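Same chain, two partners: chain A is paired with chain B first, then with chain C.
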Partner chain A sequence: MVQIIGCENRLTSIVRLGISDRLEEFYNTMNAYPGLPEFDYLKPETYAEASEFLVTHAGEARPFIGGTDLFVQMRDRVLRPKYLVDVKGLEGMDEISFDNSGGLTIGAGVNMNRLIAAPEVAEHYQILAEAAQSVASYQLRTRATIVGNICNASPAGDTIGASLLLDGMLNIYGGQGMRQEALSTFFLGPGETILQTGDIVTSIWFPRPPDGVKGKYIKLGRNKLSDLSIVGVTAVGYPDADTVSGTHFKLALASVAPVPLVVEKVGEILGVTPVTEETLKDAAEAAMEACTPIDDVRGSARYRKLMVRNLSLNALKDVWHQLSLLNA
Partner chain B sequence: MGFHRINLTVNGEMEQVDVTGYMTLLDMLREKLVLTGTKNGCAAGECGACTVMMNGEPVNSCLVLAVECDQALIVTVEGLARDTQLDPIQKAIMDAGGVQCGYCTPGVLIASRALLDRNPDPSESEIRAALVGNLCRCTGYIRIIEGVQEAAKM
Partner chain C sequence: MVVSETKPNPVGESKPRLDAREKVTGAAIFGDDIQFGNALLHARILRSPHPHARIISIDTRQAEALPGVKAVVTGKGFPGYIGLYLLDRHIFCRDRVRYVGDPVAGVAAISEAIAEDALELIEVEYEILKPVIDPEYGVSSEATLIHPELDQYQVASFILPQPNSNISNYFKIRKGDVDSAWDNCAAIVERKYRIPHIQHVPIEPHVAVAQVDASGGITLWGSSQSPFAQRNLIAQALGISQSDMRVIAPYVGGGFGSKAGVSMESLAVAIATKVKGRPVKLLLTREEEFFTAFVRQGLIAYFKMGCDGDGNLLAMENKFYWDSGAYTEYGVNITRASGYSSSGPYEVPNVKTDSYCVYTNHPVGGPMRGVGMPEMHAGLEQCIDELAQQIGMDQVEFRRINCVKEGSILVTGGKMHPTGLLQCLEKTAEAIGWGHKAEASAANKRRGKGLALMWKAPAMPPNAGSSAWVELAEDGRVTVGVGGQDLGQGSFTVAAQMAAAALGVPYEWVRVATPLDTRYSPYEWQTVASRLTWSMGNAVVNAAKDARQQILEMTAEAWDEDLENLDILNGMVVSYKSEREIPLENIVIYGLPKADDQGWIGGPVIGRGKFMPDYVTGLDPETGQGERAVVHYTTGAQAVELEVDLDTGQIEILRGAAAFDVGKAINPELVRAQIEGGFVQGMSSALFESLNLKDGYVQNPSFVDYRIATSSDVPGGIQSIIVEVPQDDGPWGARGVGEHSMVPTIPAIANAIYDAVGVRFDGPPFTAEKVYLTMLEAGIVK
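What follows is the complex of A and B.
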């Protein structure tokens, strides 16, 4: 298929298409907002059926939940699957459950508004709700899901940092039945994950978070609300008697590396000596050094690096402040 | 590519429609049911002009497949008024001067109605947050927000 590059004028694109190309391609060059390309829709009743279809139609079929990433990529002709497999009706997809020993399980079909409104999430996993709240708009969040956000594997995914820092694990149905995969080893590159053809993520699971955990998500976008991040910083901290400082900190960065990035060094720096303004600055500096951003339409690499340092400091300070209120 | 037969309720009326897998809810409403109140501004979830209620919650109908709406309850801007009686949100936004060209209005009305359904007494910042996904290039938003505040009092 001919690729149409944004800065080319339409005439050049049309000439490049050649006369034998399909009328639809011509139409799309003239239409700023083409509709979805043709595909067929399937709604299997069981995981086995869904997974088998994805395997027998490898390269032609994709699973989807909210479609808020997939449909836009298809509209823009980045992806052109022949079949979309709607998995959100499958067993357990719609469930959200929490118990003190077992942790939190969020079905892959649970939309972000439901996640934000769930009392158990607000009480124990506040940073996850805060991150989800920063995604797009209310009406988009009626459809968007946290599992879709993760499977899409954009380095900008807003809920990924919180999910990583809360030690999320994905429950996956695949050829060998059910298995669990840690999020920490899930991402391979932009849009790339360890998922195999036929794999369907059924839910995400979080262990019960450490007592007294506090968090902060700072999203720098081009506007205040409803845009993808230029830089995203998630910080969490909790009292930890095993560290010299008495506190364990963790930090994750969005949009500044090919994959969502956890900066291990932050925990080390803020663990071995008492937490002060100076050590917080050192940790923020380490975050800046760890990231490898690129220039794109939303910001330059240099700007991103500097913002990582400044916003990491703000996020860590905020968490530190929340923790000191806890001790007061 | 085959057609799928779906049954759904749109503005209180039962409908049976044959749709392709790739037809959006937006296109089905406008082209099959001729409910052209719902607008297409971007077809990408950005502008909110296509917002309709699906099973009581607002969605961007440009990012929902029609075939996903089998057995769904859909309310569009045409379904807000009862007979000749406008919904309070319609009257309040009109009275506040929250309509100029009107292109964003159907989406604004649905998103605002949905907000008032889940939160009958929203603060200004809650109204702003609920309307983040509804772009308006005419009004500057202030009068829309005033309209929602007025509707909350009705």
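What follows is the complex of A and C.
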């Protein structure tokens, strides 16, 4: 951005003052660009065409659906693709389908407001709608998609926890044709996934959920609307005769680890003994122990850990309460 | 006559806003909407990446050679200084940069992208200087001088810079004898608070378009609260006539002070002088808005106050270190205002205050809604609560005893004018149900109530003036010319109401001449300080009365009647004696035939009016004492009821109540809108807002991490109470309320949090994390 002559001298003095990281930060965050960089927009007609273009223009082309994260990163010059390949018009992208045996398939182009409004989601996958409802604002949710939320691979992604706990699988078109990937092994790090160049996620699929499943998503933001989570806790539970407690619990955490985190220990603790106030607390403590948050502008690691404990307890209690009403 | 019984008076009625339809339909024109065609050039600014450095050299040759670049401008050609009260700023930096974002060079190009590319080609060599990032350190002798030339700067007579220091204004109060008063105190509270920098965050970022014609005449279009101040200050800095500088100010998408005085506008003008004939547009990014526009300066405040066993305040000793940033041309008067109001709205016999305006290598401090008062009251009104609690007195009762009443001796020595503060206190306490503790809504919540008082005077020069004109068209419809801006507060609407009432025509007949244009609009100092309804209002009334007088004199002569028997009602000139009547139609342009029908009298009617306070006296520089420090104080009270979530530390404001003495509500709904809007902005600054500065760098220059209250965060009920104790020189008794409504919110919320969970903080924002961790340390949660 700014080239400076006498660069060595300048850097020496900066290092002495210990502000070189600040300087970099200035260029990265403070001195923003006014608009988007130039790019070419393409709208292929087939998956093959789209995928091939992405492969032959590796590093220069990106698939594009809602753009709610992509445009922000382009405006900030974090990403500077030469081509945006609009895949949302491809076959099946805008479809939601459900049947009792086959489960739920949500096309990658289905926006969050449509997902929230879909009766089959509300009836069988309520926790997914609840999580989607917490994303950004209504206006942005007309563009944002659940598949985009997942592929963006932010540890803070609000819908990822629910998708993980409902055993979501991604349908992906790639060089070898269609394949399925489980979400549990999908995330590698912040913004990093197992997707390869040329891969296009066509939809996410969820199996029919266990009978009587209940869920709760608690998002702790700095204010009530459209914030990124300081901590996000997703809990689900369902009657399960194979456990001592008669209930199977699952818990996932957002914003407290490099990737969305499923705390397996919660299920174990609440499976092997009857569910009580005490065991719920033990499970919440286990969630706190399992997470590895960092300090950032949104919150300190210390606060995040404490909030994982408190909100995991609240979420688990809520699910337990919902399940007891079911039994009563 | 029947008509006299129904004499219409739109003043006091909640008339619909003049600009409502335009704004709701999207037809209203804002700065960025104005079209300039292909001639338009786009400007971008190269900014300092260092908080403090000397500029060794700037090489612009490569940037100039980039195709599409039309001009590259640095401080070289612009030696003049600019500033409102203290001329301490160049348009572009010349030898030194003083904050991260300080403008070093500007580029005009055929596109924003090319201008941005050109910035990368400008080579600047800096020598890093040690920054000052703490105002208390800044006043010490070890601190690097940020403005070594301070003693040579031009400055207003009432601002007192301290040469060879970073103190650009030092305001003192020495009233009574504080030192010997402490012995008589039954209770003393001593506290330190740190109030962070915050931003105004108007929805519309700053935008300016400048064009210089062949003869050097300059036109500036901008989102502006202060077209006349911009005309004056930019002309002075460039060494041209004010008459050759024209500022056109369309609708403003929010200002809150950030668009007062001059900031980025002068950059666009300076660049435009190098590309004569072509309009040059500069539009700030949201990030630039956060760190290069005026910020509300930070404050480190020390309070010590004591009272006797009966709850009478005896003494206050306050020290304010204002973190006023790299340039304090505007900020100096904010620190002065906090000094002359430093007792808060209380009568205190012994007061010692030291208010320091301190240069730091932080973003430029400037005016923001309340100019110093929200920051000062944040701590002061918590100390009042603590003091009352220490002597076991109810906080409302304590305030009742001590608050200023008519005739109270003020902190500056003069006497308080009639005020409805006591009424505000009582009505607010009643509205919030003071003394009744309600059950929390859940087992993991704690509920509390808090209350705070406030006062604030317009912070401005003693002789800030207003003017207005009123003219009529053939059909009798009225156009009012004003120079004050409508920032959303409704100033055009109340100007129309007052003109209609003073002239005698229906409100619907009145328009306001917009956009403001210094070539055609009458002079107005600035749209700041909650002064328009009062000051501009007086000018409008005077102009309307002048027009009315012209019409009545003409009619009296034409009808051969006495002036006192004539009136204008509902757009008709009427005689109470002869019962003749004639519509304004045509006569306000063509006049009337003489009584003997031999010739004509009258002609086009144009009324003129002005207002300038002439009674403000100076204050002694050593004691801060004087007869009349300010024009008047608007006073008020605010209360909240809230819940603290013990699991997260989150605060939920359940409801609010507020009462302000506005003298007279010209438009009650607009007053309520101000009371509610200020509550929300105050609440936002109490709970969420902080410009996080680290080594001079803003850590959160975007809405991602600078959170403001959204409509979802606002409580369902804010009860707005209007108290009307008339101001002797206000139109219909009116005084301002625009800023006041956010002044007491931080301490009201802090006092309510204390009521709920028994913890206090050294400053806002009271984020969930801060509240939770404080409760954890206090053992309230585990």
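The rule is simple: the second predicted complex is superposed on the first by the 295 of 328 C-alpha atoms of A that agree within 3 Å, B and C clash if a C-alpha of one lies under 4 Å from a C-alpha of the other, contacts with A are read in each partner's own complex, and residues count from 1 in each chain.
Please note the rule applied: contacts are C-beta pairs under 8 Å (C-beta built on N, C-alpha and C of every residue); 3 or more make two chains touch, one makes a residue touch a chain.
None of the values given here were measured: they were computed from a predicted structure.
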Exercise. Counting only touches as set out at the top, which of chain B and chain C does A:220 meet: first, second, both, neither?
Worked result: second
Exercise. Which partner does A:143 contact after superposing on A: first (chain B), second (chain C), both, neither?
Worked result: first
For this session: Look at the residues of chain A and decide whether chain B or chain C touches more of them.
Result: C
Exercise. So, does A:84 touch the first partner chain B, the second partner chain C, both, or neither?
Worked result: first
For this session: Determine, under the contact definition given at the top, whether A:35 touches first (chain B), second (chain C), both, or neither.
Result: both
Exercise. If you stack the two complexes on chain A, which partner ends up touching A:310: first (chain B), second (chain C), both, or neither?
Worked result: second
For this session: Kindly classify A:228 by the partners it touches after superposition: chain B alone (first), chain C alone (second), both, or neither?
Result: second
Exercise. In the superposed arrangement, does A:113 touch chain B (first), chain C (second), both or neither?
Worked result: first
Exercise. Is A:300 touching the first partner chain B, the second partner chain C, both, or neither of them?
Worked result: second
Exercise. First (chain B), second (chain C), both or neither: which does A:325 touch?
Worked result: neither
For this session: Would you please give the residues of chain A that touch chain B in one complex and also touch chain C in the other complex?
Result: 33-35, 37-38, 225-226
For this session: Over in the complex, which chain C residues touch chain A? Could you list them?
Result: 44, 46-47, 49-50, 56-57, 59, 100-101, 112-113, 116, 119-128, 130, 283, 285-288, 291, 647-648, 650, 687-688, 692, 694-702, 704-705, 707-713, 767-769, 772-773, 776
Problem set entry | chain A - residues contacting chain B, complex | 33-41, 66-68, 71-72, 75, 84, 86, 113, 136-140, 142-143, 225-226
Exercise. Quick one: in the complex, what on chain B touches chain A?
Worked result: 1-2, 4, 20-22, 24, 27, 40, 42-45, 48, 51, 54, 57-60, 63-65, 67-68, 111, 114-115, 129-130, 132-134
Exercise. Tell me, which parts of chain A touch chain C in their complex?
Worked result: 1-6, 9-10, 13-14, 17, 19, 22-23, 25-27, 29-35, 37-38, 220, 222-228, 230, 297-300, 302-303, 306-307, 310-311, 314
